[in-house]
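Comments concern the structure below.
A, B, C, D, E, F and G label the chains in the order they appear, each numbered from 1.
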């Protein structure tokens, strides 16, 4: 799963990813799309997971298809 | 409703979407337009919905056609 | 009045619009020009309206022709 | 004095303008130049005006030729 | 290991690097990819190292493959 | 000394200028170079001037050749 | 050592420079590379110098080769 950042996103399509945002929140969902700005589309996981902690972050699953604008993204863990 | 971010917006035209902004507010409306910067145009829903909570956010329906400049957008839920 | 964001601005020329800014203020005026960066030109309305509230915002009419640089704009309500 | 934002600046050359900045200050001077980024050049007015208030802002005349970088500009009133 | 910034990243592929972020955190991992925006991909080190201090920063190893968006990066130590 | 912003910088080469920065500081030096991003190079004045006040700002002369990145610049007074 | 900003960086390769960052810190090292975004590469000086004060800043030598992303840079003193 090595490679350039967008290659890693391509390889992670339809998998669950965690997106950490600049506002201190994080969202987990199934990566269903992305573009070159690192705008991403997350779909709700089939089974809503409970909130879980990621270090100091509380991570919530998205409940509906959500587009996250890339300039808010700190990191994407795949 | 998977695909690249702008494809998701295209597929959501004339549907109700929720736009979360960097200032901590959120707006709901009917998506009537967008462009490649993720600038979006929201029209008022036919029936003004009451404010509802989205997690910690208060979400208000737009009352008139509103252009939101893309660089304020955190996420768009469709 | 649907369409892409700049189409909506084009259709709103010579009409009164409300521009909400990132500094928490808002200005109302007659839209007399714009460009692709969403820089806008507001002219004073013929009749100076009193300040009115827009949610938590105080909205003042511009008193002279004012260019607002686009990167300050949160939204434009038409 | 309607038109696109840069047309308004062109029409305002050699006239007194007020530039409001993101740091909450404002400067008044004679517009002697500008470019497409809305960088502007202000010359000192022939007669130094006293500070005057613009809403909550204190507006001071520039005392020497001053280049203001466009990304600091909130608005330019002509 | 001198050269232009992206040459240094190229020479550091598959080596352990420390990425300092604008939010005051830092992450250590094996550099498995990067692009011209300084977006980087870090893989978990084979052996999870304990948190260690880097000046005032606490540096944690990434536990899964992580894409860090370049505009959050302050520095990368190789 | 009127003209477009970069023309004013060109005309000010080898002259003493004052650069006001977004962090609330200001620097004075001899303008020895610039580019289209308004990155500037200041050389130390031949004679180190004492700190002087510019409104609320304390202005210090640079002591060595200093490159200031343009996106920190609020204004350049020539 | 006059000239355009990138010419000054070119002339300063393999020399000790001080980089002041937006987070209020500064780093000193040997400039071993740069690019057009003012991303820079600093190598550790042969002899680690003690921290020294630069005005209000504490300046530390880098201990390993460090890439600093240009958008964090306030100034580079050569």
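Everything below uses one rule, namely that a contact is a pair of C-beta atoms (placed from the backbone, for glycine too) under 8 Å apart; a residue touches a chain by one contact, two chains touch by 3 or more.
Just so it is clear, the structure is predicted and the values come from calculations on it, not from any experiment.
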Could you give the fewest steps needed to travel from chain D to chain E through chains in contact? 3
Averaged over CA atoms, how far is the centre of chain F from the centre of chain G? Could you give it in whole Å? 19
On a C-alpha centroid basis, what's the spacing between chain A and chain C, in Å? 35
Using mean C-alpha positions as chain centres, tell me how far chain A is from chain D in Å, no decimals. 44
Could you list the positions in chain B whose residues touch two or more of the other chains? 71
Draw the chains as points, connect those that touch, then say whether the picture is a line, ring, star, complete or other. ring
From chain A, heading first to chain E, list each chain in turn around the ring. A, E, G, F, D, C, B
In the complex formed with chain G, which residues of chain E make contact? 1-9, 22, 38, 55, 70-71, 73-78
Spell out the part of chain F that touches chain G in their complex, as residue ranges. 21, 23, 32-35, 39-41, 43, 60, 62, 64-69, 71-72
